[in-house]
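There are structures below to look over.
Here come two complexes built around chain A, the first alongside chain B, the second alongside chain C.
After this line comes the complex of A and B, so read on.
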């Protein structure tokens, strides 16, 4: 893996910065890659937009920000509109279709992270962790074991069980998606 | 303020990544500056080192990482040794002298953040928030009101009072330091 660029985008309050930190620690501390993790704030942050970027590489990283994402997560409609066309031609776009109704491309993977967090996990605020579980399965960019370790290291005390449940729900949702897709293509 | 570079360095587990996020949100979301906040992980992260960087500017930021810090926080001895000589000539270096015994320069400001967190706040893990309060006073780079808002937005639920106490203890410690220094120079 030369250089793999990830952008997590949505609204403030959806936990994308924490998700970026967790993903970076999974890859950097536990999987032993070189990783840079960046947040940028500017005029757009005052409008409630949130964006976290992670660059993962087997080699030292010269430029720490995302140029063209290999993996793009859009947790709301506006982030799709802002970033869908930045994606690399063979990149992977995943959207939370609890909120995104027009993905702007038929190649996006729609999964209802927030709905899963609310209905399966029992806490809407775990949508970020649900999404991380799914991203790990769909992209293969971090190991599930490292991701679980990194999640448990960063969440508030006493929420381990809840967040493990969220992670597992995301992994299962991505698994169902891949199964269905394989079924269709047969 | 054209471009102001901050590096927070120490051991994994000292809460420097959270401190970087809080500082970035105070300046970017609440004070309305352009801000980039970066963590890098690599071979050194496996040795337990931790580093968070924040670049704050009134203008859009071209390069998001710290080149030569204007403000350097060292929470352990090793980070002093690694970074003391990167500091800008007129930069500000602040060290946690609970752990740092040789600051390598007489210009560093020594404050016992971890000791204050343990003895005054009652919880050693709040040393990062104690340090943020002191950095805000010593550097003036973020407003205390924005910093408090940003702290309260990022800490685990139920720890608001504790973290406000930590922030205030850091502000007071920096105040005492400035007073003493002013006294000496008279």
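After this line comes the complex of A and C, so read on.
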């Protein structure tokens, strides 16, 4: 893998920076790649635009930020509008359609991460972990085993079971999406 | 966010650390056992991690009432024999300036980290800047030498913190380590070096009988051995210009040798203090001179320029002050043009121009909107030079 760029975008409080850290740790520490994780956020404690970026490469990374994302996650409408057109031509865009109503492109993969977190997992705050599970399946950029290890190492104590459930729910949702898509194209 | 942070069992294992966290590990590696500070974005993680890492190794962490007191506490700890550090950002760095001057004149080793953010004043707390480069040089008043280093990667954050402590102990001077929001907050994979693999320097202590000790007496190195509080080498520490015994003086024949020695102890050791990283400079026709996070953009831009047939090279400054003139001049004599990209309005490019004296063309690329200069912006200039 030469250089693979991921941008996770949404609003402050959705756990995107933590998601970025987990993704970087899975790819860097557990999968053995070079990684750079950066973030951009406003001075507010929550709300406001928030963005985490992860660059993964087999070589040492010079510029640490995303130039043109290969993988873009939009957790709200505003981030979708801000970043949809930055995507590389053959890039993958995934949106949380609990909040994103207009994906701007038919190529976006809509999955209801926040709805899944609320209804299947039982806690809305795990939407970021649900999304990570789905991203791993859809992009294959990190191994599921590494991702699980990284999630469990970075979450608050006592929430292991909950987060594992969230990760599995995300993996399952992406699996269902891929099956449906395969069904349609036959 | 402390799940995998380093305990000794993590040595030799890859870790995902922020630049800020790597600076803490570098400080501990160098033997830092005292930290006084006041949290401020984007340097807060340094205080945060120090607050639990230091007690774990028998050190002391104090959150002070402000940055003025933080700097005072650091000076006190160093005079008492400890390796001491503080960390801040623009507004706090401004408050530290007076006591920083005290550390210069009393020759107290200490390390001050400034993770730069947009300014002036509260400015852009969460956004990157390189606006404090000249403040690091001249922020405290009066003629004084100072050592300022600039880190670009997580690994450099570790290595240069160790280096900063080494230089401060060796030359009895405050050393300022400049990072910026991007450097401080970028997480990268790093394998911490095992103890004993990187040089760690200790200050020279007096060995003569205490009654023979002349605390500020000159010697060949220009750096007097440093007695520490409580070890019997009693002397007077003051911010006033002092004689060799440490007492205030107004005699020109004592003032001049003292000031000369302050400068000489740095100036005669440029070869040890001034550091740059040369990247593809050997046959370069156009040179990018950069430091901190911008050097990372430049590194990529230089490669992209070479792919387009432009012979570009990168000179990354590690030491900003004393400005590494001797390491730059050979390039100025040889290259067609130099580009100096910076996240300010030209705080280092003015220095490059001063040294250049018309030898070559100096171009600038400045960004002050709190965003990092991109490789594309540098490339665009390189192909047109």
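Just so we're on the same page, the second predicted complex is superposed on the first by the 179 of 186 C-alpha atoms of A that agree within 3 Å, B and C clash if a C-alpha of one lies under 4 Å from a C-alpha of the other, contacts with A are read in each partner's own complex, and residues count from 1 in each chain.
The rule we apply is simple: a residue touches a chain if its C-beta (ideal position, glycine included) is under 8 Å from a C-beta of that chain, and two chains touch if they have at least 3 such contacts.
Note that the structure is predicted; figures quoted are calculated from it, not measured.
Peer 1: Who does A:15 touch here: chain B (first), chain C (second), both, or neither?
Peer 2: neither
Peer 1: Applying the touch criterion given at the start, work out whether A:29 contacts chain B, chain C, both or neither, answering first, second, both or neither.
Peer 2: After superposition on chain A, A:29 lies in contact with both partners, chain B and chain C.
Peer 1: Who does A:67 touch here: chain B (first), chain C (second), both, or neither?
Peer 2: Second partner only, chain C.
Peer 1: In the overlay, answer first, second, both or neither for which of chain B and chain C A:37 touches.
Peer 2: Both: A:37 reaches chain B and chain C.
Peer 1: For A:133, select first, second, both or neither according to whether it touches chain B, chain C, the two together, or no partner.
Peer 2: neither
Peer 1: Have a look at where A:170 lands relative to chain B and chain C in the superposition and call it first, second, both or neither.
Peer 2: Neither partner.
Peer 1: Identify the overlap between the chain B-contacting and the chain C-contacting residues of chain A.
Peer 2: Overlap of chain B and chain C footprints on chain A: residues 21, 24-25, 28-29, 32, 34-43, 61, 64-65.
Peer 1: Going by the contact rule at the top, pick out the chain B residues touching chain A in the complex.
Peer 2: Residue positions touching the partner: 12, 17, 21, 24-25, 27-29, 32-43, 45-46, 60-61, 64-65, 156-157.
Peer 1: Tell me, which parts of chain C touch chain A in their complex?
Peer 2: Per the touch definition, chain C meets chain A at residues 1, 3-4, 13-16, 41, 125-126, 182, 185-189, 293, 296-297, 299-300, 303, 372, 374-376.
Peer 1: Inside the complex, what are the residues of chain A that reach chain C?
Peer 2: The contact residues of chain A facing chain C are 18, 21, 24-25, 28-29, 32, 34-43, 61-65, 67, 153-155.
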